């Protein structure tokens, strides 16, 4: 198909365009920012879901943890805002520019570390499971996280939290800043994941997908590889979460931070739509799904969720290999007269 | 928290109230969970739309009650048949394409799509309002009126029990029941022996839908429903099946009643906001413990 | 002086029987609104949309809005926010930047308003909102957001005052139980109730936060049964209201005073569905068709109620009424500003002092309406009777709940 050289040229061209997009379409900047978020979500989900075949429904946990940890650091690092107000959800923190960016950086990084820590602890518990139990257990994790966060007063309980106000009068406005921050996040995720998948480590992950028992008997410590993969995902997912919390401006435990039915499902559907287990698939899926959702579903007043439900059904039932998988299969088919379809 | 615990110790009748209530309504959950376990065991499909089917059944009972004047309890047979047919339709439209899918989670995701679709369509058809079909059967008091049991909960319990017994007999003695059990054990051998597996699968899924329908009729009589509350029942079914272990149908009954009672008591002692979280954490802990036990024997749970 | 120009114009048009030249197709002023047409807020979202639509229809039929001698029709661009705050912000941005709406109307629920307000603020687009009552919306220093409704902490204030009056014992002996849903809006109501309870020096014996996907209240209600509080406060949108009356009956729980929110959206007054289960419950409401307020566009509250009933076939819940009021306020402000300039309209909004069928509307610095009180109604035999505050009460509160 496309040669490697050509692919790289395309990639650089895409990146160059991405950096000037906010100037070309200033009205679409939040939409564009979300595209990068979605790419991170789909890529990180694919690390386990696509590369090792372990379908996690609980990755949203790390997204929310990153969001909350970052917001707490931003709130408490330079002020003890809690003393001044009765209710956490009403705390409005005003920071000057340097305080804002220092607390944001520290918060994002701490969020990512906490997420990695959780991934290691939880992963060593549940990544030993397989199949349905793993899927349901991760589902329980995401749901439990939302419930727990809704019960903790320090985090504003069910009322959620407000992230600090972006300092005014800077060269970069809030939208531009988060656009570039998340662009960098997505690009870094992409290149790092690409490297990983080309390495020994990536091969081990794929071996787990193809036949875990065989991989194990060949001496690969599969659980450790899975934990490592999950931790890397958690790290970047938490960064995305920290960014999204600040973009939206307030955090709700159920509907934003640990929102399984939105971000949690989108990340899976995007990765599958594009083609799971590939590096470009999740990126493609994220761009297509989110653009489609934003451009035309929004006009289906009241029917947009029906469209989402139908889309999931159609993609999953008829195109489980995704767009890239579909083309790959077509190519193989033309090379090989024998049908690829296996018996159950 | 201590205060509430003291209340339970000082006045055990409140503990009795919580536990009796949990046991009675737990039977309804056990019924729904049994359906989930059935298709999980026989077809290797996890139905994420379980709760939505329950709610759908509830809306049918509600509609039959208010539009056609059929008493909610009498509507149960009608709803059972309607949901059975609905189950067959869903099977033909979606589920049979997922059979033999090596990637198990595809079924979860596909049924999740189905769940979203059903939520939205139910909202479009029945409206987003909270509804309840109150059969107004009164209540009874025991222990000097300190423990109240509404008759509908008692009747629900007996209906659930009757359905379970009927199902047991069908599974054990009927031709189709035997075919289902044979297929669950070894589909290939069943096919060789001349069992029409397609038909078995279709029937199994339809039986599950019918069970959800009965569950939904009881739910709308005991509590309230709205189009978006299905997930609660899906999650509850998962938990019951996992706690009981797949294929352990007696365990499902005890797990269903046990979880409901436990939830009532935890809600009472530590507050309603942690009720669900405690149960979810329990689920994760149970699974992890089992996984660790299995790993010691160089196995894994699947 | 200028304040009443809009009203006077409306009245004169009404009297003259629409003399504005109808042959000319009027220009339109585009308003934008993201409302919840699907998802869990969709009932209320639909009331909101109907309220907006009716408001626009009547303002337009009475000649529209005059700016600089030219009349404009109002038009609303809607999006469905799916009841999720994460979508609210991007839809607001889309409305402002892509659809180029001149002004905004609010979404349904405080959560969505919280998500949208920062966007409208940033772009300096005035927004009149009718369904975000959370008091945490009004401490953010928003300049372009105006709310026609009473804020959340006032919702059940009257109920707490009433139990202090009626209980017949010192406040320190009065016990209160709270069963309030764990979402931002309901928790704001809880904060308000707690303030009032503390002010009176009453004792909170139960303080349960109900989960958002509420399906069973047994544990909370058995606690109520055990502790027998004087006042039980339930707030959990319509599902909380419906479930609590059903289960209180099934568990044999009775309290002397039961105060709730969302009775109307839960249809507790529908005797066919709830029988008399909810009788004598106290329900907080922003507005009732029986209040004595009056304005230019719809006349009296009762008049609005019958117009709404004729159009949509049911008695307007307060969610619809306040939404219509938001449109009227917006039209009034544009007329007084006599300009489509965003800041001019913002200033006109800030100076609003308008009588409407919904009540008097006058905004504080923070943007909330300080001229209209919350009312407390008691549900008796399928009908709501205003019982507090005293100056608008139409019936005596029945206490204790039989």
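We just call them A, B and C in the order they show up, numbering each chain from 1.
FYI, a residue touches a chain if its C-beta (ideal position, glycine included) is under 8 Å from a C-beta of that chain, and two chains touch if they have at least 3 such contacts.
These numbers were taken from a predicted model, which means no experiment stands behind them.
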item: Most widely separated chain from chain B, with each centre as the mean of CA atoms; value: C
item: A-C or A-B - the one linked by more C-beta pairs in contact; value: A-B
item: Averaged-CA centre spacing for the pair chain C and chain A, given as whole angstrom; value: 37
item: Mean-CA-position distance for chain B and chain A (Å); value: 32
item: Multi-partner residues of chain B (at least 2 other chains); value: 120, 271, 273, 276
item: Numbers and ranges of chain A residues touching at least 2 other chains; value: 147, 150-151, 157-158, 302-303, 305
item: For chain C, residues that touch 2 or more chains besides their own; value: 38-39, 42, 182, 209, 211
item: Residue ranges of chain C in contact with chain B within the complex; value: 38-40, 42-43, 46, 179, 182, 207-211, 213, 215-220, 222-223, 225-227, 238-239, 241-243, 246-247, 249-252, 265-267, 272-275, 277
item: Sites on chain C touched by chain A in the complex; value: 37-39, 42, 78-80, 82, 84-86, 89-91, 93-94, 97-98, 111, 114-115, 118, 122, 135-136, 139-141, 181-184, 186-188, 191, 209, 211-212
item: Chain A residues within the chain B interface of the complex; value: 53, 55, 57, 125-126, 128-133, 135-137, 139-141, 143-144, 147-148, 150-151, 157-158, 261, 265, 268-269, 272, 302-303, 305-306, 308-313, 316-318, 320, 343-344
item: In the complex, chain A residues that touch chain C; value: 27-28, 30-31, 34, 86-87, 89-90, 92, 147, 150-151, 157-160, 162, 174, 247-250, 252, 254-256, 259, 262-263, 294, 298-305
item: Chain B to chain C touching residues, read off their complex; value: 4, 7, 11, 14, 17-18, 21-22, 25, 66, 120, 123, 127-132, 134, 136, 139, 141, 145, 148, 150, 152-153, 222-224, 226, 228-229, 231-233, 263-268, 271-273, 275-276
